[in-house]
Structures are given as C-alpha cells and as structure tokens.
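The first chain written gets the first letter, and so on, giving A, B, C, D, E, F, G, H, I and J; residue counts start at 1 in each chain.
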C-alpha cells in the first residue's frame, strides 16, 4: 500500500497531470457507516511522477479505515507530496450526500522553494 | 438547532470546504407559502469546522419560519461566521421559480484581521 | 386543504393530464426528519378535473405530518380518486436519497365500471 | 389566423409528421396572467397536410386570449382535425410551472371511419 | 407596471442577487412577429432591492410592445437602474432563433460615484 | 449521385442497420432559403446493403435542390427501397426550427411479399 | 445484517416500489480487487415491504465479501424474495468498468401461485 | 484470443447480462483506416457465461484486422453464440462518424430449441 | 449578400452582442466536399450594429464557395469589421468532424484607436 | 506519417486553432494492453498551420507503439512544435479509466523569442 513513483522524463517542462479516482470509500469514525466519494488529484511533477497502480492500492487502503472526510483529503495530500515532491498539487474529494447534504473538500500544496 | 463545530486539524493550511444542502425550505412572510431552494456554503476554516449534522438541524429550523429569500441567506452567513469564525465564507441560495421568475442570492464574508 | 375540482369540458374524449409537483415534503414518523420528493400525478378525467391551486394547498398539508413514503403515495391516490373520480390515475413519488438509498413509489387506479 | 393546408403527395402511405412549437403563450382567464408552454402536434395525414406558416399564425392568435390549459389543447386538436382531417392526431401541451406545479395535457383523435 | 423596491436590510454588505425570467416576450417592430427570450438580471444592491412581483408585471408590459432586442435590454437596464440605484447591474437577454440565428445581448451598469 | 449497394453477407438473419446523417441540407421551394436537418435511416437488409459513401453523395445531391421537408423524406425512402429492396425500412427527418417551429417526418416501408 | 420487513398497508393494490442503491461494493474473488456498482431493486409487495435501513446494512455486508457480479445479483434477489415474498421483483446491478468493459446484470422473480 | 466461459450458477433462471465495450477498433478493409465503435452485448445465459477478460482479449484481436462494420457485428455474434450457447443474445455496434455519417448495427440470436 | 447595419442607439455604453449561426456550410476547395459548422460572432458595437437578416444572407453566400475553415473565419471577421467598425469583435467557427478530427478556429479584432 | 504544414494566410493576426482527436490509441509498454484517449491540440500559428490529414496519419502511427500516457503527450507536443513552430501550443490527453482511475495530461509550449 505504499505509494510508488517513477522518474519524470520531462522535468524541465511545467506540465500538469490530473488523476480521477471515482471509487474512493472509507468508514465514518463516528457512525461506523461507509462514506463514498471521488478523489481528483492534479499536480505539476518535479522529478517524480506518481505510479498509478500503487496509487490505486494506496487509496484502497482507506476501505476499512475510520477517518473523517476533511481529514482524509489532507492526509492524502500530505502522503502524495511526501512521495513525489511535486511543484504544485491539489487534492479534491467530492463525497456523496448524507442526510441530504453533500461535501467537497479541496486542499492545495505549492513548493515554496526558489527554482 | 444550535450550530456546532469541531477543531480543524489542519489550521495552518488554506483549504476549502463546500457544503451543498438541496433541501432548504422556509415560508414566505408575505404569502405564507413555502419557498424551496438549495443552499451552498463554501468556506476556508480557521480553527473550527462546521459540524454537518448540527448544520442540517439548524437549516431545518427555517422550515416553519417566515423569512424572505434575501434575508435568510444573509442571516445564515452571519450565524455560520459567528459559530466557526472562518477565514472566508460564501453562502449561495438558489430558489425555485415563483411566477415564472427564479432567484439566486450570493453573500460573502472575509476576515479582515491581519494574519 | 380540501381538494377542489372543476367540470371537464371534454368528458367524451379520453385525454390525459400530467401534473408534476417537485416541492413535496413530509416528516418521517420514525426519525422526525423531513423527507423531500417529487410527486407526479397522471390521470384521464371523467366528469371532473382537479383544480391545481387546491392541489398545491392539499400537498402542502403534508409539510408537518408524520407519514411513510409508501403510505403517502397511496393516500394521495385515494384522496384524488375520491375527489375527481377519474377513469384512470397514476401517482408516482420520487424521493431524495437517505443513507445513500433513494426510492420511487408508483400506485395506480383504474375505474372498473362498464362504460 | 385561419389554418391552411396543402395536398399530401403520399396519401397512400401511413407516415407521421411531428411539429414542435415551443413559443406558445395564452392568458389565464382567472388571474389574467400569461401562461407559457410548448405545443407538440403529431399526426398521420390523410389527403391534407397542415401548412406551417398558417399554423404559426393560428397559435399566435392565442397570445391575448383568456383560456385554460386543458381547454386550449382540446380546442387546438378540434381545429386541426377540422382543417386537415388526419387519420390520427395527438396534441400535447407542456406548460411552465405555476406555484411550483407544472402540467402536461395530451389529447388524441383517431379517424374511426373504415378505410 | 411601475417597478417597485424595498429597503435592502444589509446595505453595508456587497452581496449579489440574480433573477432569471425565462418568459419574456415582445413584438418585433419590423415584422410584427413575437420574439421570445430569457432575461437574466444580476445586481449588487445599494439601499434598495427590486420587488419581484412588480418586476414580473413590468416585464409583462413588453408583451404587446414593438421593440428591437438590442433596444429592450438597454431600456430594461436603464429602468431598473433608475428604480433601485444599485452599485452594479448586468442585464442579459438570450433570444430564441429566428432564421436559424440566435442572439444574446449583455448590458452593464456600474455606479461611478465614490463610496 | 446514384445509390450503390453491396451484397448482404448474412441474408438469412434479420438484423438492423441504423445510419445517422446530421448534415442534410436542401432548399425550400417556396422561399428559396436553405433548410437543415438530420436524416436517420433504419433498415433490415434482404440481399443488399446500402453503400455509405454513395449514400453520402446521394444526400449531398439535395444541397441545391428545391423540395419540401415532407416530400424529401418520402422520396429518400422510395429511392432507398428501390436501390436495396430491404425487408423493412424507416426514414426520419428532424429539421431545425423555422419561425420558432421545428418538424420531424417519419416514413416507413415494409416488404409485404410472403417469406 | 438480516433483512427486516414491515406490513404492507395496501396489500390489495398492485403498486410498485423502486429502490436505488448507488453505493454497492464487493470484492472480486479472483483478483481480490474491490468492485463498485449501483443496485436497483423494483418490486410489487404482497403482504410485506422491505425496511430500508436493514436493506442498507444488508448490502453493506457485501463490502468485504468475495463474490462475482453475476452471483451477487442473484443472491440478493433470492434473499429479498425469501424475506418479503413479493408478487414480482427485479434486481439490476450496473457495475463500473474494468479493463474498459462494464457490465449490467438483471434478474427477475415472479410469484407463480394463483391469486 | 479464444473466448472462455464459466458455468452459470443460476441456469434455471432467465436473467440478463449486458456488457458494454466502448474501446472497439478495427481496420476498414477498403481504405485501411481505423474504425472506432462501442460494442454492447446483451444475453440470457443457458449453462455458460462469457468470461470478461477473454472477451476483452478476443475483441482486441480485431485491432489490426480488416473487416467491415456490418460483418464484424455478425461475426462477433456467431463466435459468442458458439462459445456460450445462450438462450438469447443481441450484439450492437455503434460506430463513430465517417464523412459526417454514423452507423449502428444490431444483430440478434434466439435459441429455437424447445425448452 | 452585402452586410447591412443599423445605428446603435446606445453608442456611449459598452454592451455586448452575441450571434450564433449553427447552419453554416461551405465547400472544401481540396475535396469538393461540403463542410458544416457553427459560427459564433461576439462584438461590442460602436456606432453601428449588424443587421441580422443581411448577416444570414451573407453567410448563405458561402454555401457553394470553395474555402478552407481557417480562411473563412478570418474573412468573415474582416468583412464584419469593415461593415460595422466595432470596438471589439470575435468570430469562432466550430466545425463538424472529418476523419474523426474536429476543429475550432477563433479570431479576434480590437479597435486600437484612442477613445 | 510525417507531419505536414501549409502557410498561414493571416500570420500577422493572433488567432487560435483547436483540434480534437477522440480516436487516439496506443499500447501500454508495461502490460501490452491498448490505451484509449482523446487528444486536444490548441495553438496560435506563426507562419505555418498543421495539415489535418497528415496529423490524423501521424496520430495513427501510435496505434501499435508501446508508450506511456505521460510520455506520448510530451512527444506529440515536441513533434508538433518542431513541425509548425507556433507562437503557443497546448496538448491535452484525456485517457479512459484503467483500474477505476482515469488520467489527463496537459503540456504547453510558448515561443520565448522576442517578436
């Protein structure tokens, strides 16, 4: 379940990768009920790209884990940033309705180092 | 019906939470007829997040209350800002047609304190 | 809140009237939470048509009434049949999701008397 | 504003003509307010086809006329049947919402004469 | 048919009101044929809000009036600005196709006075 | 511009071919203005299939030809039936709006010979 | 996780209940990977209706269970028929793509006893 | 590239399996250009179900094969019927436009043996 | 086929006119085949507005004219700018697919004169 | 399979060309399975435009070539920039889901030379 990476073959170019994972599910820590959502990851790679199969398995690791919406999106962002150290990254989680209310969480990272 | 909050675990990060509530209903104070609309709340939390179940109950509190569209959106914004003191917040109300005319009200708050 | 009717000016013709009411709301008798749905009524009038304003007020009468989905659709059908004695009538209720599950109830009436 | 026709060049073939008029408007006789709707006419011609420009002008004739939904659809059907004597014809009126309720009226004619 | 207003209860806040009127109709002064369109009004109120029922009646006043598309949108903007003196206002008219060509006219007002 | 065919390799099987041609244009014989529409042809082949490139050229042959909607659909049906002698065929023409009114013509052929 | 029922208050009427559950997930027994799908249940109740909360928990029971698509739909049908003995029931499972291929399974039950 | 099957666990029940393959591509034998389409297979299994991974590989076998639309759909139907001997099967191919014209081919099999 | 104009009654106001013409067709000079597209014209008028009927006839003038996509959009822009001398104008042509590839051309004019 | 160009007839004007190619397919170098995607190319031409037929053939050259998503988009950008030396160009590849995850790659070029 650890995130893997591969070398970016175009490190000198600022290009963007968007990955959509509509099959995300975790468990609400308060009610024990499953939550369902779509995770969208957008990033500009520096030296490393995220390997998609390991990302799929990493996200499947949340399947039986108790964690809040707001928390999970920020943890995914932190884990991805640690793994591939991108120039910029955004993680969005769009969750299905509960009690007639739906949520979307958006969290961003920007590498502040001089380039 | 009071709004509850929980501590934001990522207070140092500027991330965004969007909440969509398509089941809002209140009563028109002039005609006594029910109004129906979708409330969309978008905010950047500071130290507190809005707890969703209390938000649902808070919005249900408008069910038999006589209040104008324009007023309700601004009151919801004021109550939410008072409860969770966000960095920024927007409340949008999209109301269903009356007499062939539909309305959308958008109201915003921005914390002016230096950071 | 009583249903009113007006004379059908074309009683000899079998024509169909469909009425869509997307602003139906009642209260769940078990949880006390509001339910939201769209009621669609389709009928072939005999001697009477349903008056729309009284229908709107009749449906608003469910606003604070505790009743199950399945029950409400059948009661609405019975009340409308009693009021306007149509040749045929269908009532459909499409309810918004609860716990990730949405429901649609469809109930029909057909006048069995020889014509 | 009288409906005109032209000879059907394929009277021996049972083919269908559908005409959609999304710009129908009349006046409610009770409230004096304008109603708006889409009229859809479907028919199998016998010896005559409806001329479209005269149909447009005929429907514009309802613009300042007080008439109920249910009535107008049946009158349009009667007028069209009288003008072109089709084998079969259906007129559908889909009206925009009033008080949160929308209506669709469907009326049909079938030539019962032996063929 | 005169536009009415009511006091804005939140004059110190810059919030936005959008009103959509899909049932606008006027008469082409050149051909005498009816035009159909959707009028969308967006504004930031200063001390006054537009009263919706008077707006509906005001727009109905164009029903039998001969006026060009381009003209009507600018006249509506001028009349609304005169009535409620908003901080900013936009009026958009989206008209249905004529001769296979459809048009959208967008006109804006901004209060230039120092605030 | 003549329609070509090729042998149906599965003449013993009743299978269906649907062809959609959204780029049909002809000229109105009354006004001289171009008409635009989508032609949809559905048929069950007997011994011959319609060759698509010759069909495209055949339909382009209407580009500068004056012909009514209702007529063109029936002529296309006759020409296609003569060329490929299908078991069954339907031709539908959906035309773009003129004067706010759009039309759809549907014409059918069925081989009545015993099989 | 056992399915519960409640008495049908209108057993003499043939009415239909449709339930849509878009959050179904199980595990592929061959690959160990999670599958995702939408389960749609449509039935005509006899003496019993399916209780929705127990249905939600019953379907959650598949979350960590290894079972094929085709199998799960038929097992759900068998379990629901055993629990509520409906007059008729259909279960449809629409599964998300795997390897560029998506599947939908539809299984039906009809009570053959004379009525 | 041979089609594989697995035993149907519910052979006594008439249930339906629909498989959608939007990534079908073959080569036009006349022009050498690639064709693209979506293949939809619907069948009622008898004793055998089609294994999806082998189906994917089987359809990939058309990637560099010169074959006409109409032919390929009928060959796929024949191959699938031979492999799994279903009670009924339909294969539909919806192909992307060429020269402004798109095609859909639908072919059906029904087992005529007494049951 | 010459473009006509009429005086802009609100020359002091910067407002926008968008005109959509979905029935544009020309002939490819290389293949002789017809091309089809939608032309969208957006402009801010100065002293003159484009008269729509003459625009329709002007665009019909391309019907049998051999011209490339990229060329036609720029020629239309030049002709319209010469005719009405707008403050700003954009012409967009969205063309239907050829060989599985579709194109959109966007060309802009801005009056550089001091105002 | 080499990219061809033709002279831009409006080199002094900054206008934009967008080309959408929904039928792109290549082979995954790791699994040997085909990938499918839509390539969208947007550019402002300098002295040369890309000839569309050669572009189609160039993209068909990827059909049996093993290359990663991320790589192919950047190679296409490099090849197109080398061929037509545009002022600016963006290439976007939207790929169909694999393992429930879909990707979009966006790469950009800007001519840095003084103009």
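Here, contacts are C-beta pairs under 8 Å (C-beta built on N, C-alpha and C of every residue); 3 or more make two chains touch, one makes a residue touch a chain.
This structure is a prediction, so every number in the text was calculated from the model and none was measured.
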How many steps does it take, at the fewest, to get from chain B to chain I if each step moves to a chain that touches the one before? 2
Between chain C and chain H, the fewest touch steps amount to 2
With centres defined by CA atoms only, which chain is the most remote from chain A? D
Fraction-based call for chain J against chain I, same above half, different below: different
Assuming a repeat means more than half of the contact pairs shared by residue number, which candidate in F-I, I-J or C-D repeats H-J? F-I
Where the centre means the average of the CA atoms, what chain is farthest from chain J? C
Please tell me the distance, in whole Å, between the geometric centres of chain E and chain H computed from their C-alpha atoms. 56
Distance from chain H to chain F - Cα centre to Cα centre, in angstrom: 28
Indicate the whole-number Å distance between the mean C-alpha point of chain B and the mean C-alpha point of chain G. 37
Check each residue of chain D and list the ones that touch at least two other chains. 22-23, 33, 36, 96, 98-100
Identify every two-chain combination in which the chains touch. A-B, A-C, A-G, A-J, B-C, B-D, B-E, C-D, C-G, D-E, D-F, E-F, E-I, F-H, F-I, G-H, G-J, H-I, H-J, I-J
Chain F-touching residues of chain E, taken from the complex the two chains share: 33, 36, 96-100
If you look only at chain G, which of its residues touch chain A in the complex? 22-23, 25, 33-34, 36, 60, 63-64, 96
For the complex, which residues does chain E have touching chain I? 70-71, 73-74, 98-108
Can you check the complex and tell me which residues of chain J touch chain I? 8-10, 13-23, 49, 52-53, 55-56
